[in-house]
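Across the two complexes that follow, chain A remains constant while its partner is chain B and subsequently chain C.
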Partner chain A sequence: MKRFADLQVLAGPAVLVVVAALLGTTVSVSTQGYFTDALVKVAIVVALYVFVGNSGVLSFGHISFVAVGAWTAGVLSVPASEKPAIMPNLAHFLRDRTTGNLSSLALAALVGGVCALIVALPLMRLSGLAAGIATFAVLEITHNLLRYEEKIGPGLNTFSSVPETTGLRQAALGALFVVVVAFAYSRSRFGRLLRATREDDAAARAVGASVYRQRLIAFTISGALCGLAGGLYVHLLPLNTETVYLDLTFITLAMLVVGGATSLWGAVVGALAVSAIDSGLAVAENGTSFLGWHIDLPAGTRVIVVGALMATVLILRPSGLTGGREVKLWPR
Partner chain B sequence: MQLERRPGESLRASAISRSFDGVQALHGVDLEVRRGEVVGLIGPNGAGKSTLVNVLSGFDHPDSGTVTLGDQEITRWTPHRRGRHGLARTFQHTRGFRSLSVRENVEVSALGVGAGPRVAAARATDLLQRLGLSRYADAPASALAHGDERRLGVARALAMEPRFVLLDEPAAGLPEAEVPAFAELVRSVRDDHGAGVLLIDHNMALIMEISDRIHVLDRGRTLAQGAPAEIRGNLDVAAAYLGETAVAEE
Partner chain C sequence: MLAFLNIDWQTLADAVALGSIYALMAVGIGLVFGVLRLVNFAYGQLVMAGAFALAMASEWGWPVWASIALCFAVVLVLSLLMDRLVFRPLRGHSPAVMLVATFAVAFLMQSVALLWFGPLGKIATSLAYLNRPWTISTVDIRKITIVSVVVAVLCLLLLHLLLERTEIGLHMRASSMDFETARMLGVRANRVIAVAVLLSGALAAVVAVMLTVQNPLVTPDFALRDTIVVLAGVVVGGMNRPVPATLGGFSIGFASGLLGGALPTNQSQYLDSFIFAAVIIVLLVRPNGLFTTAKTVERV
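Then we have the complex of A and B:
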């Protein structure tokens, strides 16, 4: 019976991802891009949920691991023959190697996880505001490293010639994989102990839980999933360092907060709901017709609206649209 | 993880001193709890009882003195390390995992000390039944009434299969009618689990009834220790804590 209840927690988010992917197959190719982008965002937000949702510690630094994953998959999957032209200063060991789609994604996850572990070793001793600010520092360091270090990527230039393998199917499968890993983690001993530390760290320590160790494990898994999502992202769009920086940090945190940070269901609902609004506004910023009306919103409207939505949800429903609870598809 | 059973071992505080901003909360206190006994820790407000429990459980460190668990000195150990070595505690002000279910609260405690998921689930089922909390198993812990929250705190501690349990005012807020059942529960911790229990409570009837020994603190110093009958007749204790009227009524 308990296993059935547990599976319901997985079924809701998984069904939502599949429905979004199926809807994506019914629209034009140009609109399909929005669905694919939304599914990659699901992967990023669920990866973020693994740490933020289960620990209750806010992180502004997770997009670093998305960026590192994107750089890993991007650099490794650009054809070797094109690397000298696109990335002339690339380190030798990267210049001569090219990997396939799946192995580039696996390596993106591995590098994301290793970077997260290295960052977490000192940072997970911090709590509250200090932890949040320190993760922001990580974002800044990573951004500047990737921006100016041309031995590991295109530097200021945009990644080009990365095979565009992230279509609707790869994005959906990637998002589903991240959802399943997040679910398995949250049901594991580690996930349950971390949630206990989120509720009351003194009571958790009293029952044998090491707050530091549990946060370290979650941060590393979360970083690996962010790395994977970064790999999916670079195979979807030509990225540069600005694509994986402040705007993405803001929008993914908004998605998590709007959906409900403490549940897997909330992470998926938030990612898809805010993606829908964000994409609709992006179209409107470029000028579009809707029911006979011509809509042409000023540039920047989408960020303002998403920001206002995030603030409104925090005021009216601090635990998010889902109340931070998991969904039960078949209530008893 | 099956904890090693070693009858006769003890949890010992030796010459513990602790001050806060110049106020001496504990002053050279010695206290010993042996496996299979209940030691009552009493004293007026501000006597240093909770400070001593915090020092024993690792939530505070003494300025001087040592804490030993069995034959290991654990003075500088973290609380979670002490927990994994069989030292459990409850809190004076109810603390728990409020958005987790009642069952999850107990399971997490077992998982924290290394039990597998199945063992944790079995312990939770057993403890919730014994503590009369089965009907709330799937409810969030935040929905429990105060007395039930207290019982859940004890269930969390017992799920760790501890060698020693520090119960910080576990009966506070319990309806009077439920105190005898609670006393029976504490006895079973001692008799069935073989654990040593340090019990702090303001319910003197409870303390006198179930303690094998009583340790009295007053202004950070040990005022008296001995069997309940000795403490009941101790005039210093009466003066400092129980009140002259209590002695007169005897």
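Then we have the complex of A and C:
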């Protein structure tokens, strides 16, 4: 019975992802893009949850690993014939190598994880505001380096010519994979120890949990998942450094907090709910008819409504839509 | 003296001016943090709103005093609104929730500006004459450089007098040490918070005036980068007390001004990386702040 209750925690988010993907197959190709984008956002937010949710420490730096993953997968999968045109100053070992879709995603996860580990080794000694600002500093440094370092990517240019392999199916499978890893981690010994440090630092230390080591493990796993999500993202649409910077940091953190940062269920619900409103408004900005009403909002209302909505949810329900609890389909 | 670092007097003066402006922003952020334990990420958007007020006033051809008055009015009203609509309902929530909420407010204000004024922004010209140089014994220094430093020093002095010599200042200092105890001893919470928010807003207006002289093109992301840098500076300096926070803000402004002038042109694009790497290193060595002595632990 315990096993069954555990499985609900996985089944809830997984079913939600599958339902979103299935809904995506019923709409037109242009609308389908919104569903694919939402599923990639689910992957990013769940990756963020692995660290932020389980540790209770806010990180502004995770989009760095999304960016690094996107750069890895992007640089490696642009066809060799097109590389000189987009990235004329690329380093030799990157210029001559091209990989397929799956291996580029795996490498994106690997590079994201390694970068996260390198960052975490010194940074996880910090806590509180110092940790928050230090992760922000990581985001700034990554953004600055990717923007101007043309040996490892397109620099200021947009990543064009990356094969657009992230359709609805790949996005859904990617999001499912991230959900399963996040579930496995949070049920593991490490996840439980990290949550213990979140709830009561002193008590967790007293039973022998090392806060530093547990945060390090979570940060690395979460960085690898962010890298994978970045790989999915770059295969979805042509990115540049501004796509994976402050706006994405804001929207993903807001999704996590709006859903309920301390549960996997909250991460998935938050990502899908905010995406749904955001895309709905984006459609309305382009002009659409809804139940016989013609709606045509001025461009820019989308961000305003989403921002206001998030502030409202945070004020009225600070623990998020789900209250930070896992899903219970059959309460006992 | 500084020739080997490739720094001339103009660079040095500009670095001091930038440091002074950042010090004012740091105090503005620190004042609110002191009484509310809330890191206001939307502070830069207050500055941005003030800058747009100046730009609109100069477009309508208003005199300088009127445009500065408009700037103060806009920023103060927005500060009070922010306090009433966002900070007050959030009081007592976890710092993480408050920070993400001010993040949301920041993006909200930025997108309102984007919708209202467009991505290209407006130009504020009424104080442009301050950008011309004064020649002091063969060295050219822009007037705004000197004005910034003088205004910043004046503001900090006035603030110091207010905090140390008046009753409301005493209440504010007591609240920033221990809000609950201060309330029990008869400090009126709403009044102290309102004063802190207003002072912080007034400083934002001053910063808006000086930043628009330095950089007359006002866009919706005006002062966004400055806010991020100042926040880093405030935490590096020490968030809990006004003096370390001010010093932190000044240091990071001074350092980025100096480094921006000293780096050779092929490296100056990496200025942000240098600054933020320094921030990380200082935080690792002194996580409670560079200029603090007491041990305090804050959870976010």
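Operating definition for what follows: the second predicted complex is superposed on the first by the 319 of 332 C-alpha atoms of A that agree within 3 Å, B and C clash if a C-alpha of one lies under 4 Å from a C-alpha of the other, contacts with A are read in each partner's own complex, and residues count from 1 in each chain.
Here is the rule we use: a residue touches a chain if its C-beta (ideal position, glycine included) is under 8 Å from a C-beta of that chain, and two chains touch if they have at least 3 such contacts.
Computed from a predicted model, the values in this text were never measured in an experiment.
In the superposed model, A:Arg189 makes contact with chain B only, not with chain C. Of the two partner chains placed around the shared chain by superposition, chain B is the only one that A:Thr262 touches, whereas chain C remains out of contact.
Using the contact criterion defined above for the overlaid structures, shared-chain residue A:Ala308 touches chain C, although it does not reach chain B.
More residues of chain A lie in contact with C than with the other chain of the pair chain B and chain C. In the superposition on chain A, contact is made by A:Leu253 with chain C only, not with chain B.
Within the superposed three-chain model, A:Ala137 lies in touch with chain C and out of touch with chain B [touch as defined at top].
In the superposition on chain A, A:Arg169 makes contact with neither chain B nor chain C. Contacts of A:Arg205 after superposition: chain B is touched, whereas chain C is not reached. By the touch criterion stated above, chain C contacts chain A in their complex at residues 39, 86, 89-90, 93-97, 99-101, 103-105, 107-108, 111-112, 114-115, 224, 228, 231-232, 235-236, 239, 269-270, 272-273, 276-277, 279-280, 283-284, 287-288, 297-300. The part of chain A that touches chain C in the complex is made up of residues 56-58, 122-123, 125-134, 136-138, 140-141, 143-145, 147-148, 246-247, 250, 253-254, 257, 261, 298-301, 303-304, 307-308, 310-311, 314-316, 318. For chain B in complex with chain A, the touching residues are 57, 59, 78-80, 83-84, 88-89, 91, 95-100, 104, 107-109, 111-114, 117, 121, 156-157, 159-160.
Put simply, chain A touches chain B in their complex at residues 2, 189, 192-193, 195-196, 199-200, 202-211, 262, 324.
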